[in-house]
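Each of the two complexes below includes chain A, the first together with chain B, the second together with chain C.
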Partner chain A sequence: MFEKLFLKISITIWLTIIIVVGFVFPIVDFPQHWYEFPLIPGLEDKARNIFFHVPMAWVTVVAFVMSMVYAIQYLKKRTSEYDIRSVAAAELGMLFCVLATVTGAIWAKFNWGTFWNWDPRQTSIFILLLIYAAYFALRSAIDEEQKKATLSAVYSIIAGVTVPFFIFVMPRMMKGLHPGSKGDSEGAGPVLEFKMAPNMLVIFFASLIGFTLLYWWMYSVSVRLKRLEEKV
Partner chain B sequence: MKTLLIPAYYVFFKDTVSEFRTRYAFNALLLFVVTTISITLFAFGGDTVSSHVLAGIFWIIVFFSAMSGLSRTFVSEEERGTSVTLQLLTNATSVYLGKLVFNIVLIFFLTCIIAVLYQILVKDFVVQSYGIFWLTLFLGSIGLASASTILAAIIAKANTKGTLYPVVSFPILLPLLLTLINATRLAMEGAFFKEAVTDMQVLISYPIVLITVSLLFFEIVWKE
Partner chain C sequence: MYELLENNQLYIVLTIILTIWFGFIGYLFRLERKIKKLEEKK
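The block that comes next holds the complex of A and B.
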């Protein structure tokens, strides 16, 4: 009980600090103090998006993988517990997927000029949204609980194996604006060398941890709620 | 191996014969193709259309006609109540392989018809590299069939079969479709085979991945 309360409060404090720091720390030409971020030409204040947008996209992927892993577990063990976990992860994945898409689109409007321009990464997050939508559509179309759990588990696995195609293959084939696309001078690939200033890097990773913990907390609440619903 | 392939051949044979007798899927598909091509022709109205758009529309026609026909293989088994008999008579993997081959043949046949009609009727659709074009059609058919066979098996167990099928298939097929559109555009622009190699690699690896996963999980879906 106290552990959960402690977790809840510490996540709140942690993320509050990150949000405040992410928005408030000044961006200057030549940073001299530990709290000043360097100015990146062309990005300016818009660079702050990296503290929020990237962790959201990261959580989306984590949730997607977790949902798939629990789907496999469900098919192995056939207990509703794993189905509950798989759905809870998928629901939160969808939420964070929408958040990442929206924050990305707003940022793109001010940095690239349009909300949407079918950059490979935008295409892939759009496909991820469609997969989640199809997953829930499939679930709602089946009445019987066990059948629903089994078929949606298989679907999420099939969707899972196609993910590498649009995360690793497509960005290399298509020209895009995100870092790591074809034509990027620093090379193509999903894993990039970090060239952020050290203080930005610290906050970026702190935010990544914060968002992951937030996801974990929301996930555990959702799982407990679903367990209770099942009992009733 | 023999216990797998011979029943698979019979499942394929059964489906082909029943298709020849009823021509249910094929007639519906053919009419669908004619309708969509004529609608696009009306919409073009003699304008010149870029190769990007034409390649996209070509695969839209193929995608939706595949979506209206390929789910039949499993939906008809469920509707006629013959799936239980089939479960008793043979093993799941053979059923999957038989249905997969049937779907590949059906969709390839369909794609060829669409390709020929499209080339005759749409005047801007001029293919310059025929090798790339037909290879794309062939690999594309296998890719479409590989994903849609297992999805059809899932959909056949759901309540709303017709509308759900394209919704569920689209995100899975999108990486394939984008590659197909790109390869078709290259074929229209007269690219050398060297330029299309990346696309072909995707077109070959996609069905391999999906057929492997389908073989692993088909039995679970089929016995549900």
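The block that comes next holds the complex of A and C.
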């Protein structure tokens, strides 16, 4: 009990620090101190969005892959526990996917001029939204619990396989507005090329970890609730 | 509104953080609705 409470308090403090730091650390032309972010021409203060927008997309991948892994487990063991875990992960994946899309669209409006540009990464996340919307449509269309769990597990595996392709591969194969697109002079993007300032990189990864842990917390609550729903 | 955000870029970051915040609050509402249903069943 104490350990769990300690973990929850730690996640809360961790993410609060990320939000405060991401918001208030100054952006200057020539950073002299550890707490100063370098000015990125064209992005300026909007560069801070990377600490909040990218983790949404990252957690989407984690959640959808987890949903796939539990779907495989369900097909192997046929216990409702794995179906519960799989659907809880997919639901949260959908939430984070919507948040990644909306936060990205807001950022796009101020950097690229319009909310939606059909950039490969925007297109791929839109396709993911459609794929997982169909997953929930499939689940709600079947009444028999075992049939629902089996069919949605098979669908979740097929959908899960497409996630790394749509998030990591396709946007790098095509020309686009996002960093890391094909033909980008920066290469595979500021994170993979380690071109981000070290202090920004630390906060970026801390944010990825923080939001992943928050996802884990939300996921645990959701699984517990679904177990109760099954019992009542 | 657009000009306000365009001229104060920190507000764009704030908008993005608030979007995420409202997303989580929405999820919390959904959980609570489910719990209420369970309580009514019992």
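Of note:
What we mean here is this: the second predicted complex is superposed on the first by the 215 of 232 C-alpha atoms of A that agree within 3 Å, B and C clash if a C-alpha of one lies under 4 Å from a C-alpha of the other, contacts with A are read in each partner's own complex, and residues count from 1 in each chain.
We adopt the following convention: a contact is a pair of C-beta atoms (placed from the backbone, for glycine too) under 8 Å apart; a residue touches a chain by one contact, two chains touch by 3 or more.
Note that the coordinates shown come from a computational prediction; the quantities given were computed from them, not determined experimentally.
Of the two partner chains placed by the overlay, neither chain B nor chain C lies in contact with A:9. By the document's definition of touching, neither partner reaches A:201: not chain B, not chain C.
In the superposition on chain A, A:20 makes contact with neither chain B nor chain C.
In the superposition on chain A, A:159 makes contact with chain B only, while chain C stays out of contact range. Contacts of A:28 after superposition: neither chain B nor chain C is touched.
Those residues of chain C that touch chain A in the complex are listed here as 5-6, 9-10, 12-17, 19-20, 23-24, 27, 31, 34-35, 38, 41-42. The residues of chain A lying in touch with chain B in their complex are 75, 123, 127-128, 130-131, 133-134, 137-138, 141-143, 147, 150-151, 154-155, 157-159, 161-162, 165-166, 169-170, 173.
Contact residues of chain B toward chain A in the complex are 147, 150-151, 154, 157-160, 164, 167-168, 170-172, 174-176, 178-179, 182, 198-199, 202, 206, 209-210, 213-214, 217, 220-221, 224.
Contacts from chain A toward chain C in the complex involve residues 19, 22-23, 44-46, 48-49, 52-53, 56, 92, 95, 98-99, 102-103, 106-107, 110, 218, 221-222, 225, 228-229, 232.
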